[in-house]
Each structure stands twice: as structure tokens, then as C-alpha cells.
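The chains carry the letters A, B, C, D, E and F, assigned in the order they are written, with residues numbered from 1 in each.
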């Protein structure tokens, strides 16, 4: 029986546009803009100069801290500029612009062939770090850090997050269908590194073909495929863990506090490629879709391709989009310009037409309680929004568990008063952080 | 037993001192801005009132009434209670400064508050027995506490509401009290006293 | 690239996530409730005739008009189209005798909207149920008119009759049953509505159907009416009879007075009740118990209005004490 | 509130503080005693006057009122040395609490009139019980005639609109008083 | 007569008993609160603005009374008289409080500043700033959503229809609360008496700044060259005026003449920057008149 | 508060509006609700308080140097209680019906916070004459507010004033006005009204000040 969690919402999944479209390999772009900051954590510093010739897979920016991850050239060519460029998450960031030489050559020694089963866990961790792998589910947390939990945390399970609960997005879905073997290999590598025996793959029921394919692919590995009820935010770490292993991550804690590591489909594929073939993370599958896009597609895009280029590959716009979003419609970030680059965490590029975006005017909360019922974290979102209006972050934190909100947006989705609860939450969290920084 | 219960419930809800008899309104409105303070105040008023009623009962029944000095009731009671409360205030100030800070000047207001004087006066006027006086005092105190706690929770909720500026503070508090009193009409006629 | 390919954008909209919303709105909810109430309102016109229609019109008109004027005066956006003032007016009309002189519902509606709703900031902020404040205000102001019940249509204007609960209070259960013939007849008229009472409360059937529709639409939680009516049933069965415990007539009490209307349409006013379902259950049980307390011991024959108002005043405390079950243990 | 630095240390001796209050009390005592000496006799006279006036209103043709021994607050109204009425207190529980009345009854047990002395009924509803429109109904009736009804008949007491509880309470109180008077009067005869 | 005696007896004993109980209790339970704290608090303006660096007026009163190192002139809203009074009460010497008034360093009204995107969200500058720094193309400019206006403890600010806050110089106490809450830090405290000011906060290079807003300071340094006293400097592509030099030495405000974007203007308070007219300039900065006329 | 430059008129006047004991200071609220359902009671109560507060202010200011601060409150209260008792005795003797109508609230005058507050805040620090005017102003403000409330409540709630019918018989009194909830709500609305009036005055004053002081601000810039 499909398992599920408390709360959640059921938006139309809108996956019909791209679910049946095989992944299309995008042509090598003329120019890529590669931000030096592709992950959560300390930024990287460029290790190339303007005018340098670089090869595909060459390190162009180096990590300085442990919680950081290097950046590689995604095409071969010449470094044309190192300057501040728009960034889809941080607004602006130093980026390395590479102009293609049209050759698309790998850096020396790549790709290679390696048998992962003979490698030491520590060696694998190092490979993962050097390959610049970060979480591709959206959070872009450096994967090698996640794979090296402190010794006092006993990890016993790896969960593959294949829920892909965001409407519109089908990247993980397609990857599972087309690269099931690599997915399983990547998972097994991760399990080896973590030293765990239990592996689960959680897939929402609206992807029966993926469930079937994965079930076949895991035979003999001991990994279990867990069908999940189709409900947003099934793919949020905390709800996924609750559903699959019935544990609750404590407030303020991490999955590893309950002995679990969660990994996204794209991430494990990148791990498999890095360990088996030595390939760094320079490209990813991205769903380009939305009511304003002519021909929605799943594209394999080089990091640094601009959104404009990606949309051009999909036949451009049907109409001028009202909103351009990186990621899904529930958690994604609205963009203010179209020339931002694809980064490692860009799971989707969504161009919503004005009919898709129907926010309506914000009204006072009528206390209907829909948000309370929808909140997977068991919070009182209506109070968070009201306290947000007054800027009372302390009350919100102490009495209403502000910091436990995962900003999933379920509450906003159901609110008849169209309250911008997530925005208030972000605002309160920012206030709280500012106050904490002051102290 | 039934008689005492009726007396008690009458004082708590049917003829709630704050909402139908209008005693203790200054502290009712003054302190009800904050729920915690209201809980404390409710307890303070109940205990002060009970103790003063006992004192007042003794003085009335052993001195004033036997010697036909009932016209001195007002002055005797008020001095008695004021002094008593001031004593209490000093003790609290010394030994529980946190509590003292919370009530601030309102502890002084208890000393000379109409509910604290009114209940002993009513006891005397109705010639209540000792036990009845005590039950009546506790009932009135609990009724006061009930009203002020409800009121405080309503006012705290209204902090987040878009109350028109001219009504903010006392104005809306009075209107809330009015609606609370209107709701308490539901109990009217329930226990004829 | 084909020539038509267009990748320029006009100015983009940026907001925090999420970027899609469900298509519910306050207006939709309120108007739907209005529509579900409409059959019962029409029924009142059928039973009580022209008077009921006038009262209904005055209540709604005054409620909407008051809201309009207040919002104009305050320079706030006018929100009469959201249907909430309309609903307050309609509910008030359904809660009072159809024959009161026109100026009473006028003032009642005015008080409901101005004092109970807009002094606290308008929709969403009010603590007490506006329609019920309006009714309580009218009952306190004109107790005679407000307890003079019109006889059903067909009878000559001006003829009054007692409500079933009024009869119960003043004349006793036997007399009540006798008036209707037998208990089966009593239940039937209660269920279908051929009895005296407030305009909108007479027919249990229509109100329950409307309520079930709202439950189906997800606008109200079934727990509220179920627990409120259930509590009244249990308590009246236990304490409502004269022949000792468990000799009461719960069926009568459950259909009598404004209980059905109150439980489905007024104890469910989300603005004035706890926000969690658990809190709502506490609210409903409390309202049911207070209803019985007032009906059996109080000065009034009917207690639903005051019971709900009293529980409204406890709602902030309930919300403080009952919170949803949180994910993850606190650190 | 005042924040001035309070007094000097020498002022704060226990004795001084105590005496301060004591003297204030003594002074106040003197003033009150003085006032009381003046007003007490006036008040006493006024009390009697008030009572007589009330009774006179009830029994207009009485010439004097005499307290009945052995009964608190029972009076006989006499005219030309003959008892024309008994004036007795009555009490019962109404809507808002006790209703205290004074009622005048003929020795035959017929009501002459009553007066409500104190009550806590709702203004505009229960308090209409003191108006002649309601109280006139009682005149000339005997205890057994006193039954409250809501539809007028010539024999009974018609309830005040919207205040049945008060009407019943008043009627009950008076009926009890009348019965007592009747019992007392017949016993005396 | 006996009643009178009784009255006296009763009241006298009442007075005696409680007089002595209280007197005794007073001895026993007395605690010392420094009464000066309340007196000092009474003197403070009770804006609870925190400009002094303490959590409200009471906290400052306590600190200034109890701690000899706390200066008596920290209350900025109170200005000179309060500083003096506090100094007197606490026996400290008061250094002067420089009177100052808030200034929004931005003339990028709705018309002049270019919008980067349509903002749909919470009506608050801090909240808007979370989304790529807010809807204005200039990332240094005022967002115009009025967070400062709502937070001014002295009701000194209003939002003008042009989308910029306006400060009433009569009400502004210079407490700096607005400066603290503004996410763009586009509010600065202007010493009273300065007669020119730069109505821009953009540290972008000239062309970028110009593209984002027609009222921007483009860092061209023309004003620096015009000023004979060296009161103006360009730092990070933005002109900065040293108002002390300006106030003490300058009488002709030549710097105003050549500014191509009119980013540097006479310091007329209480209006949207960039809308100074002849009369108000005459009133506020007579020495500026000639130069503005020349520029106009 | 007790600024020496205040004229006696100012001392008197502030109690009427600016520092009205009921509407502004929110002191002594109980009588404002309890004895205002008829104008007569409201007036009698108002006058009694007026008398007590004025007399007490005078007494306190006379004896202020003599009172030890540690027993200041009990002594002031004794003084108030004495005056109240005298009022009680006099009323009982000469106006027994009024005495009855005011019932326990007459005794409660003793504890009306406004009286003690004036004693502490004003009379204890000032000489007799200003204290007299302060008490008289505050008392008048109190009495005025009481009567105002009383008039509104009696007029709408019973259709009468001083017991005389004002509206025609057709008027169906809004009974709630003389019941507790009506009292509360009425005072709430009156407080809001007074605040609005205050704001309006403030605005007028500010507008006048502005018109006089600053030149027109309309932009003439290109």
C-alpha cells in the first residue's frame, strides 16, 4: 500500500507535458557562464585567468573550505571574462565565462574506467568531492559532506528521493526510466561509502513506469522500492523519512540524527559517473516547461547554459511569460531576468503564463484552518503570517516554531485569503538571523 | 451545601462582579493587557479579598454591629484593608520581586479597589455568616479572575488585529467587555439569588 | 532556430514561492455558504410570509450597507462583494422572529457589523460571531418583541404562538407533546419545520442538507456539528427528563430551537472558533454543554446563541492550549 | 506617582509612623462623631417618616399605624380605633434576586395594595411590576384568586409581557403574605 | 455621647494597630531602590527607540544612574535639554549632542528609478529585499515600501506618492531607528545646518548607475572639482559631502552647479529629494540659490 | 505635571477633557457604569465625588507636610473615608431616597482611584488653592462624564431624562443601553469618539502651525 504523511496538498501535477519526452542532449553552447558559487556553503575562488584555455572537466574554481565544492569547466574553450553576473539564487555572483572552441574536449585522462567495488570508502569520498558533486534535488548541499557524517551518528539507511513531488518536473522521472542501472549503481556506491545495508527508493505513485523499471533494476541488490502516495511535499526529506522508515527528524536536526541519509536521483547518477568514469559534475537533466513554453522538454544541459538558451531549445515562448522560475512551482525561485545560468541545482526551468499565475490579492486571514491542515510540519502557518505582518520573529520562533517551517508552500497553496505565508516566514527567519548575528 | 454552591456559582458567573455588578473595573481594564499578569492578578485579588473578608467579618460582627456603629463600616473597612494590603505589598516586594514587578502599581491599586472593599461591604450588608462571607469572597474572586483571564486572552489576540486607531487600547477593551457581558447574559436567571 | 522563436520577456513578476495557488477564495467560500443557506431562508418566507422576506431584506441590506459605509469612512477597500456581510445579515435574519418591527433588525445588523466586526478590524479579526452579537443585542434590547413568535403562515397576522422550547420551559413536556398530538407528530413538525420559531431555524431537514453540502465541499469540519449536536443529545437525554436520569427526550432537543442552524452554520464560523480540528471539537462540546445548561437551568428557553458566544470568548485560550501535532520532537 | 526621596531617617521611627496614622484616625473620629451627633436624630426621624409615608400610601384612609408585638415589621393600620388593614412585609425570588415588598391586607384577607421596596429585576421588564397597571390587578383579591396567567381572564393576575418570572414571583410573595395575615387574623378573632 | 466615645475608641485603636504594624513592617521589609532612576526616566522622552543603545528608556535610565561610565548624552531624541538634565541629575558632564536629522539618500522615485521586475509580495522593504534585493534595478536605492515609516517611533515619516519616504524635520529626533531598520541602509543622519546633500546611495559605476536611475550620482567628480573647500569627495563611485567643512566654510555652494544628474542638491528638509523649489531653497540654504538658478 | 507656571484655569480645565478621569485616565470606571443608568443617580454620584475630591485635596494639601511618607496612603485614605462618611451621614439624614439609590457605591467613593491619585499626584505637592482647583476640575470632569453617560443611557434605554418622558410612546427603548453590556459598549464608543476628536484637534493645530511656518513645498524642478 502506498504510504503517506500527515498534511500536504494535491495540486495538479502538470507532468503530462514532459513525462513521456525522452531526455534530449542539448548541443554544446557557444558560451557558458559558470558561477563560482553553485552550492550552499563557502564560495569558491577562480583558479583560471581571463584568456586561459580550458578543457571540459577542468577545475576552474577551487573550494576553500570543507563545506564547499569545486567548479569545473563544462565546455572546452577560452576564459573570456571573470566578472559579476546574475545568479539564479544569489542574485549576483562572480562567474567565469567560457567561450567554446567548438571542440568540446575532455581534460586529459577523462573519461576513464574504474571498478568501484575495489575502491576504499575514503577514496570514493574524495572522488565525490573532487567531482564537485552537490545535492541535485535543489538544496545543492555538497554531497561529500553529507557522505561523511560525524562518527557518533550511526547511519543505517540510505533513502533515494525519487518522489519528484513538485508539479511540472519530470527530470528525475526520466533519469530513472533511461538510466536505471546508473541510479542503482550510484546508490550502491553511496551505501558502501556510508556503510549501510538498507536502501530505499521512494517513488510517487503517479510514476508507475518508473516504479516498475526501478523494481526490476534493484533485483538482487536488497534495495527496496517504496511506492508513495502522490501528495506534495512527499519529496521533502522529513516527510520522506517519516513515511519510509517511520522516524521523525527532531526539530532543528538533520536526517543523520535519525540514522538516515537522503539523496536525490540526479545526485546518485552523478556519483556513479564520477566513481566509474571519473567524470565531474558539469551537466544535468533539467525539465524546461510551463504554459508559456512552446515545446516543453527534458534537456541534458551543461552547467552555465543560460535559461534563454535552454528555452530557445524548446522553441521559445508561446507568449511572454508572467513568471520565470528556477525549480518547481512550489519551491522554485522566481527569476527577474532570463539570462541567468543553469547551475548544478537547476532541476527545472519553468515559464508560467499569466493564467498559471493567479495569486490574487492578499486578504486578512479568516482563520479557516486550511493551512493548519496542510502543513506537513504541524505548524500554525496562519499565525506565522500574522506575526510576520508585525515582525514579531521572537514570538514566531518561541511559540510557533518558525524555524521548523521547511517553506514547502503547502499552506500558501490552499489559503483562500491568498496570504504570502512563505514570504512572511522568510522575512521572519531573516529578522531572526539578523538579530542572532547582532548578539 | 447547595446554598453555598449556589452562592459561589452565582458570584462566579450569574452575577459576575465585573461583568454585571461593575466592581474592580480599574484593574480589570488596567491589567488585562497581558495574560500572565492577569492570571497573577486574578489570584492576588482572590486571596486578598478572601483574607480581607475574614478580617472585615470579624470586625463587623464583633465590634461594629454589636455597638451600633455600622455607619463606621466604610472607614473601618477601608483602613483595615488598605493597611493589610500594604503590609502584603511590602512582604511581596521583599520576597518576590519578580511578582512585584509584574503587578507594578496595581498592587497599590488593589489596596484601594472597589471590588476588594465592595465584597466585604456586601457581606456586611447582607449579614452573611462567616462561612458564607468566605464562600462569597472566594466566588467573587474567582469570578473576577475568570473575567480578567478571558479578557486578557481576547486582548492579546486583538494585538494582531487591525483595530482602528481611535479604538486601540481602552476603547476596544470596553467594547470587548460589553460583548463578554452580553455573552454572560446567557447565564442570567439561572440561579436566582 | 526558427524565425518565430521568441525568448525575450516583458517585465517578470517576482514573488516568494509557491507560484501556484488553489482556486478557493474568500468570496467563493462565503457565497457558497450563502447559497446553501438560501433554501432555508426561502423556506422561512414560505412559512412566515411577507414579514420574513422584509426582515431578511432589512438584515442583509443593513449589514452590507453598514460594511460599505464603514469601509468608505475608514478609507479602506470596500469588501462587500466577498459575501461575508451578506452572510452575517442573512444569518441574523434567520435567527430572529420574522415579525419584529423593521427598525430592530436594522439596528441589530448595524451593531453586528459595526460593533462586533469592524471595531476589531473587520473580516478575520472579530472575536465574537457578529450575527449572534446582533441577535443577543436585539434580545437584550427588545426582549418582548424578540420572544414574540409569529404563528405559521396562513394564520392571521399578529397571532403569536410559543416555540416548542418555550412551551417546554413554561408548560412542561406533556403539554408540549399534547399540543402536537403525539411524539411522532412533534418530531415530524420539528424535522420539516412546521412549528413556530426564528425564521431560519424551523426546518431541520433543509439545514442539515445544506450543512452536509458544506462538509462535502470542505468548508466546514463535520466534527463541529456532530460533537455539538451529539453533546446536546447526550446531556438532554441524561438530565433533561423529570423522571430521573436518562429520561429526557434527546431527539426533541437536538432538533429544537436554533441548534441545527447554530451547529452547522454558526459554530462553524471559522473566524470565531479555534483553528485546529481538536480545538474545534472542544469548542463544539463546550457549546453543546452550555446550550443544555441554559436550556435546562437558565432563564431562557433557548441557549445556542449564548453558548456559541461564550465559547467564542474562550477560543483564544483554546487556541493557546491546543496546537496541531508537530512533526519532530522538540530539541 | 511620586518619586521624591522620602523623608529623613529620624522621621521613620516606628513610634512616629504609628502615631501619625493614629492621630489621623483620631481626628477623623472626631469629625465623624460631630457629624453623627447632628445627623443621627434627623436620620432616625426620617426613617420612621419614610416608613409611615409608605404605609400611608398603601392604606390611604388609615389614621395611625401600630407595630404588632411578636411579629417583626408587622403593623396594623387603624382608623377610628378600628383595624382597617394589616401592613406586612413580603419577599420572594424573582428574575434577578430577592424582591422585597410591603403589602396591605384587610382583616378579611383581601389585598388592598402592595409596594415594591427593593428589587433587582430588569428595568423595562421586571420592574414594571411596581407600576399600577400591574399592581391594580391585586386589589380586592384573596389568596386563592392569585394565579398568574398569560391570557387575560377577569379572575386571575395577568402576567407582565416578557416578565412572567417576575409576575409569578410577586404574586407568590404576596399570596404567602396574605395567607399569613389571614391565618393571624382569624386566630385573633 | 457614648456613641461619640466609641467612635473615637474604635478609630484610634484602628490607627494604632495598623500604624504600628506598618511601621514595623517597613523596618523589616524595606528595600532600597535608587529613586533617581525614576526621576531620570521621567526626563527621557519615552520613545523607546533604542538610539541610546539600551533596551528602552528605563534601561538607559538605570544604566546612566548606576554606571558612572555611561555618558549622559546618549539620548539622541532628547537633544540638548535632556542631555543637560540627565547630566545634572547624575552629576556628570554633558558633551554636546550634535543635532541631526534623518535623510533618505535616494531620489529614485517611481518615475526616475528603473524597475527590474514586478514585485508581488509582502509590503515591506526587508521582505522585498529578500528577493534579489527588491524590484528596483538599482540595488542601493530606496525600495519605497515604507518599513522605516512604520518603525519611526516619533511619527516623523510619511510615504510620498512618489514612492520615497519624507521626513518631517520638526518631528524627527535623529534617533536613527529608521537607519537601523532600512535593509538598504539608504538613510543617513544628516547634521542639522548642512546646506547641500547627495541624494544618492549608488556605488555602481557611472553607466550602470545611470541606466538604473536617472537621478543617480554617477561619480563623475564634477562637484569635487567645483568645490573650492574640498568638502566633496567621490568614494566608491559616490559623492560624499563633509558637512562640517561645508557648514563652516562654504557660502556659495558651487558644487551644485554642474552636477549632470542633479544628484547633489540643496539640503531642503521635509520634501522628496529632487523636488526642491526656489522658495524652499531660499529658506533653507540662501547660499544655494544662485547655483540652483544657474543649474536650472 | 505640577508645573508652577500653570494658571489656575489650566489646572481646573485639564480635568474636563485632556485628563478626563473616566475617558482619558480610565480611573474610577466602576461608578461610570454602575450608577449611570439614570441621570439622577449619575448626577448625585458625580456631585458626591466632586465634593469629596475637592474637600480631600484641600485637606491633604493642608496636612501634606505633616504626613509621614510611610503611612501616606493609609492617612490619605482615612481622610477620604472621613469625608465620605460625612457625606453618607448627611445624605442618609436629608436625602434618604438618594442614599438608597446609590447604595454601596456611595461607600465605594472611598476607593475611587481618581481621588487618591489626585491626592498623591497633586495635593500632596501643592498648596491649598491650586489643589482646590485641581480637585474641582477633576471632580467636574468626572461629574460631567457621568452625567453625559447617564443622559445617553437613560434617553435611549428608557426614553426619559430625569425620569421625564422625552420620546413619544412610539419609541421602543433600546433596553440594552441601561443594561451592563450597553454601558460598556457605549463607553468604549465614547472613548473612541473622544480620541478621534483629539486627533482632529491635533491635526488642526499642526496644520495651522505648518501654514504659518514653512513655505510651499511643491516642486518646480524640471
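Here are some notes:
Keep this in mind: contacts are C-beta pairs under 8 Å (C-beta built on N, C-alpha and C of every residue); 3 or more make two chains touch, one makes a residue touch a chain.
Predicted model, so just to flag it, every value in this text is computed and none were measured.
Steps from chain D to chain F, minimised over paths through touching chains, total 1. A centroid comparison over C-alpha atoms places A as the chain most distant from chain B.
More C-beta pairs touch across the A-C interface than across any other pair of chains. Chain centre most remote from that of chain F: A (centre = mean of CA atoms). The mean-CA centres of chain E and chain F are about 39 angstrom from one another, to the nearest whole unit.
Averaged C-alpha coordinates give centres for chain D and chain E that are 69 Å from one another.
Per-chain Cα centroids separate chain C from chain D by 45 Å.
For the pair chain A and chain C, the distance between C-alpha centroids works out to 48 Å. Residue positions of chain F touching 2 or more other chains, listed in rising order: 70-71, 74, 78, 81-82, 85, 89, 92, 173, 175-176, 179, 181-182, 185, 188-189, 192.
Counting only residues that touch two or more partner chains, chain E has 3, 7, 10-11, 14-15, 18-19, 22-23, 26, 117, 120-122, 130-132, 135. Residue positions of chain D touching 2 or more other chains, listed in rising order: 1, 12, 16-17, 20-21, 24-25, 28, 32, 36, 40, 95, 122, 125, 165.
Each chain pair that touches appears in this list: A-B, A-C, A-E, B-C, B-D, B-E, B-F, C-D, C-E, C-F, D-E, D-F, E-F. Taken together, the chain B residues at the contact with chain D in this complex read 15, 71-72, 75, 79, 105, 188-189, 192-193. Residues 149-150, 153-154, 156-158, 160-164, 167, 171-172, 175-176, 178-180, 182-191 of chain B touch chain C in their complex. Against chain D, the residues of chain E that register as touching in their complex are 3-4, 7-8, 10-12, 14-16, 18-20, 22-24, 26-27, 35, 38-39, 42. Interface residues of chain E facing chain A in the complex, by the touch rule stated above, are 116-117, 120-122, 124, 126-127, 130-133, 135.
On chain D, the positions that touch chain C within their shared complex are 95, 122, 125, 161-162, 164-165.
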